[in-house]
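Below: one structure, written as structure tokens.
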Amino acid sequence: MEQLFHGLIIGSVISFIALGYALIYSILKFINFAHGEVMMAGAYFCYGFLSIMGVENFHFAVLFSIIATGILGVFIERVCYKPLRSRGRLTMLLSSLGISIILQAIITLIFTSSALVYTIREKSLHIGEYSLYFSEIIIIVILVISFIIISLSLTRSRLGLAVRAISSNPTRLALLGIPVDQIISIFFFLSSALAAIAGIGLAVENGLIPSMGFQYSIWAFAVVVIAGLGSLRGIIIGGVLFGIVINYAIVYSSSLFANGFAITIMALILLLRPQGLFPQRLREF
Amino acid sequence: MEYLASIVANFLIYALIIISLNNFIIGKTSIWSIGHIAFFGIGALTTGIMVHDFLMPGWSAILPGLLISFFLSLFVGLSTLRLSGDYFIILSIGLCEITRAVSHELKGPAGMSGIVRPTLGGMSLDNDWMFILLVILPIFIAVIVLSVRFSRSPLERICSLVRQNENAARFMKINPLYYKVGCLCIGSLIAALTGSIHAFFARSTDPSIITLYQTVLFFSMVLFGGINSLYGSILGSLMLVAVPRILEYFINSPMASSYSYQIIQLMYGFLLIFVVRFMPQGVMGGSKNWFYPQENT
Amino acid sequence: MHNISFETSPGKIYGLFGPNGSGKTTLFNLISGLYRPNAGIIRYYGICPKRMEPLGIARLGNGLARTFQDPVVINDLSVEENVLLAYRLPQEGFISLLYRGARSFNQERIALTEVQCWLAHFKLTAKKNMPAGELSYGERRLVANITAILMGSGILLLDEPFANLNVLMIQKLKGWLRKIALEEKRTILIIEHSPDNLYDFVDVLLRIKGYEIDSIQNTGDIDFVKKLISRSTLLYG
């Protein structure tokens, strides 16, 4: 039972990361490889706030980290992706590769490559014989809230329309007076903030290590592919399920096997049903 | 002496990897083989296992690696029929990760060692320089000759056509699939061969080359040198070999050297971003049009 | 498009016209195999192909070549290399990496001579080594036309071949097209808007109106053609 819950948390983390990829992809049609490292940066921001800057309250540190990571995401977008938008998605993709290793290098230089843990004293909730950290509960709550918000946005098809419009022809829209750049930046902020939540949650569970970004990126990719890049709700559900399954796989076999298994499934889906299990329908966000 | 030999060998091996990527795949097709380095790993691992565990005679141990790479690249090339660019990239990366996972599974995170070099006509190749002169250098020259022949043949024109507009190629009685997959196969085979040769030279394998980090390094060199430029590829290899040595020379403190890996990472990350933004045609003036998506008539 | 039915004979030039959006380019796309028809068949040289796709159709019988409304030219290659692409040489595949026989080199030499001759005819010799991406729009169209014609196919589909060209080039192009239609018995279909280019040049006028196509014999009288075009534009444009 505890494993199930652990898997749920991992799944939520993966969902957030996958959502981040999907959000950016939906609006710019490019895969932001730096996203995993942004997640890692979020986790390390929190560590920095807690240990180095001596923020007492864990929840404030989390809040600051989320905002800081959001700003980081927007900064990266403005400096690196925005100038390349007109030059094709390939160039943005290459830049994101570059940024991913830059972020990894910077974090490793500042925090060394050894594993770290948050020094927090947190209240736990006791349900029967299991105890949950407060932050773990919050993660799940945020997940549920996001799911509800996204489902509700189905009726607000104007948002979906805006996304599709921007993804197809941003320059023309900008000429019409729509603040395309601002909207894109907002998406980056959101996606990075989600990544920060994911990173902090992960760090609470498993600790911090600079390679955490890449490992979970691969899994988030797998979820995105299996669920389909267009369907956000599918990604959330898929992510949670995936997390539970992967968690069992790691616990009862090896993490290598779990990795290989995940990627094989992803490869199979790519070949047999590349649009994913929940292919993007035009009306859905 | 050994140190210099390893530098020269690394230069040649890196050059072979970059050429196989730049001058046969990236520069000739619109295929984004981000997982390309996997073929190097496959060549190395297969050869190592064949020689070490199955006691296969040295030179023939290269063949299984080539065979696997051939069929895998065939598979990857054909998958472009079904997968759009972004999904293909994910597949390519996935393949790279699978290769790394297999390597870890079979031989552990540090790879294998104790690979015996084959003999050449009874003559031992244990001397590093002999190996370089009789094995690595000839292969290097052969690949360069192949690349030059390519750019002077009708193939170059046809590949440019296919790269820009596949439908237009079809109207000209050219089958784009044949050329795309063919180029991919050749590039992958060269990478696999290079992997096998490296396994012999280093007498070991090291899966740490099959990571995204190394991929970024190689891609940044491809772009920096210039897409489809042979001189550019060689320049890129020179950079990869020279930069860490220069860094070592200037930053002498022992503490810094433990961070040299990260510093190099930082440098190449910035280099990639810089080149993509400000110098997409690279130092040696490769093709600029390569970044634009396929035209659709 | 509905109810499109017509026949062509070799050696004739057909002028396809109609208001914007009436489906002229769509018809070309159907014929060249880019689009697949929902119903009906298209026969090339009397043969109905098993699969309606560009590569197979291009290889049927004496072949098919086409140009596009927006001229397609390979930006990285020089003008000369672009036009050379029209020729399918022996051993131009991956074999050429290992071995290339004398026959292949000879064919390439012959092709090059022909290419250079025609480039000179159209006053492009000075630019023959220039990357085609740097040409002007009209020059690009000219290069695309030359390439398509030099493919030597029995069927030639030219989408607005005279647009953006100056009068001299148009005359030269017309002269060449008329010659190959007559002497080599090739079938040429042209999409054209302007009556000036149609009245003295095409043998048969094909009018697309509504969803149907009309085949009208050309009388060579410019007013006749002008009236034809303006009427179709008025009613359906």
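Things to note:
Going by the order they are written in, the chains are A, B and C; count residues from 1 in each one.
Criterion: a residue touches a chain if its C-beta (ideal position, glycine included) is under 8 Å from a C-beta of that chain, and two chains touch if they have at least 3 such contacts.
Keep in mind that this is a model prediction, so the values were computed, not measured.
More inter-chain C-beta contacts link the pair A-B than the other of B-C and A-B.
Centrality by Cα centroid goes to chain B. Separating the CA-averaged centres of chain A and chain C is a span of 51 Å.
Distance from the chain B centre to the chain C centre is 42 Å, each centre being the mean of its Cα atoms.
Per-chain CA centroids place chain A at a distance of 31 Å from chain B. The set of chain C residues that touch two or more partner chains is empty. The part of chain C that touches chain B in the complex is made up of residues 32, 34, 53-55, 58-59, 63-66, 68, 72, 74-77, 81, 84-86, 88-89, 92-94, 96-97, 100, 108, 133, 151. Within the complex formed with chain B, the chain A residues making contact are 25, 29-31, 80, 83-84, 87-91, 93-95, 97-102, 104-106, 108-109, 214, 218, 221-222, 225, 229, 256-257, 259-260, 263-264, 266-267, 270-271, 274. Listed in rising order, the residues of chain B touching chain C in the complex are 146, 149-150, 153-155, 157-158, 160-161, 163-165, 167-168, 170-175, 178-179, 182, 186, 287, 289, 295, 297. By the touch rule above, chain B contacts chain A in their complex via residues 32, 79, 82-87, 89-91, 93-95, 97-98, 101-102, 104-105, 212-213, 215-216, 219-220, 223, 259, 262-263, 265-266, 268-273, 276-277, 280, 291-293.
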